[in-house]
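Below is one structure. I have some questions about it.
Residue numbering begins at 1 within each chain, and the chains themselves are lettered A, B, C and D in the order written.
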Amino acid sequence: MGITLIQTGGTIDKDYPKSIGGWAFEIGEPAFLRIIEKLPKSMKWEVTQLLKKDSLELNESDRKGILLACKNAKNSQIIITHGSDTLLETAASLNSINDKTIVITGAMRPERFSNSDADLNFGMALAGVQMLPAGIYIALQGLISDHKNLERDLETGLYFINKQNK
Amino acid sequence: MGITLIQTGGTIDKDYPKSIGGWAFEIGEPAFLRIIEKLPKSMKWEVTQLLKKDSLELNESDRKGILLACKNAKNSQIIITHGSDTLLETAASLNSINDKTIVITGAMRPERFSNSDADLNFGMALAGVQMLPAGIYIALQGLISDHKNLERDLETGLYFINKQNK
Amino acid sequence: MGITLIQTGGTIDKDYPKSIGGWAFEIGEPAFLRIIEKLPKSMKWEVTQLLKKDSLELNESDRKGILLACKNAKNSQIIITHGSDTLLETAASLNSINDKTIVITGAMRPERFSNSDADLNFGMALAGVQMLPAGIYIALQGLISDHKNLERDLETGLYFINKQNK
Amino acid sequence: MGITLIQTGGTIDKDYPKSIGGWAFEIGEPAFLRIIEKLPKSMKWEVTQLLKKDSLELNESDRKGILLACKNAKNSQIIITHGSDTLLETAASLNSINDKTIVITGAMRPERFSNSDADLNFGMALAGVQMLPAGIYIALQGLISDHKNLERDLETGLYFINKQNK
């Protein structure tokens, strides 16, 4: 029994491999590999490096791949790291899964940044998969919620809980 | 509506103010003040700087102070930062509170350390106070659980979930 | 008497202000403002925020501006933070200054990154301006040298000291 | 040809290996091993883990060991990491070496801290060993100087350059 971690890309994994020229900026190794080094060695993880995409670039085929990865996961507790722009779309595409607790998370600043929110968000997701019933949740910006109750303010970029849905 | 944060001290808050001589090492400003800077400005916090003690030094009077601070908190969501050695004792002393969701957390390495687990643990607590029913919980070492289900292995220092209590 | 710090931009100052959409990535406040907070308050600095450009975008007019900023600096010790691609060109353009010790530095990874080389490079520059005679020097990638002795391997992006020039 | 790095202990190397109980705090692996990972792989280092002591605990025998390690070093460029309290005493004890450039450095906050000055100081030392003539130097608190010109204000803990000695 452990927790399955799935990388899809996004800000959380952005790294800076540039050696010569210009503004190169890439999605690197999954940030969660560095994060889980801070936790006890006794914890068990299944790691899936599925995609390295900005979330605005995820297409239908990518989302089918994420769905399949969740279905095939060995564990019923799943954390997906993901770009911050299309969390709700990916969450909706996983809605048919009803026997696993899935938390989609990411970061507003790359985990490589010393002022990143990546550890905070991953911590929220880690609590979520352990404590919540089966469902598809989102953890970002200090919030954790069933994805159906979340909306995004497109001007500020902030997610908020829509009380009416609750 | 917001979240109440209570500082009691412990490893998470250890800082290094030394300028001359020897090994000085002190409990400084609450680490949670630095952590919440990474979250949206729109979040609301009530901050209580109650104690700056190593958790082995907490006495009965201190625990009464923590109980009172929880009872007086404006919010029903409370995060307490605490030393990692006596989390269970403090949790037990809060057991009479049954209308608030309280998560006690801390860190194995000071938040000032670049490899600290403080953000991860605080993230777990932050998810816990939002998603869990009233009760007294502990979040540390990648675990979050009702305090009654937790025990500590005194050789390794690791907390674990006692399945029999569940 | 103090040290003049001049921001021209480059990797060292790259920040991640994105809130919505895509891959935005900007040159932010000068990293040296965060770096000098780690030094004694008694140190004296003159700060000039001159440019926020990737160094491949610096043109002749920008370099004239840098030259002027150096000439106008109150101090004879000057550190310029700069993109890593055209350090040699900017150094050459300052060659007419012969009464100040100028060290041009930068970083291979933004100062915001927890594994950045920015502090190391700034430290090299800080030692350089204090210890070296008037001249134009470069500090990067663990090297510090009069700019005339440096060359760059365009395949690896590494600077090296050309022994023949010495 | 490379640079010899000698660990003697001090704040720069303080780590937090505590798992159970109290305020444990130890001098760990040399911080310079983590620092040099930020530099190009092509740089050559000779690493000597000599002592793990607070600098107030260094005795005459320890200083003889440091002197011997410097004499035996393969390189003529030597960086010694050291506690911040007795840099001047150790520097004086190395005074008989006149064919090597030795910079003694350390930190006011452990390298493990995210706000540490360790990288800055190591960067100063790294510039110093490359650019300065043979001698015994100190790099700390934003200063680099021949040790004979430095004094310490025992109230503030700050080193300063004694202009009269110059």
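Heads up, the rule we're going with is that a contact is a pair of C-beta atoms (placed from the backbone, for glycine too) under 8 Å apart; a residue touches a chain by one contact, two chains touch by 3 or more.
Since this is a predicted model, take the numbers as computed values, not measurements.
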Spelling it out: a chain qualifies if it touches chain C and also touches chain D; which chains qualify? none
Co-neighbours of chain A and chain B resolve to none
Measuring between Cα centroids, which chain is at the maximum distance from chain C? B
The distance between the C-alpha centres of chain A and chain C, rounded to whole Å, is 37
Based only on mean CA positions, could you tell me how far chain B sits from chain C in angstrom? 42
Residues of chain C that touch two or more other chains: which are they? 114-115
Per the touch rule above, enumerate the chain pairs that touch, sorted by label. A-B, A-C, B-D, C-D
Which residues of chain A touch chain B in their complex? 35, 37-40, 42-43, 109, 114-117, 119-128, 130-132, 139, 141-145, 158
What part of chain B is in contact with chain D in the complex they form? 11, 14, 16, 18-23, 25, 54, 56, 85, 108-110, 112-115, 154, 156-157
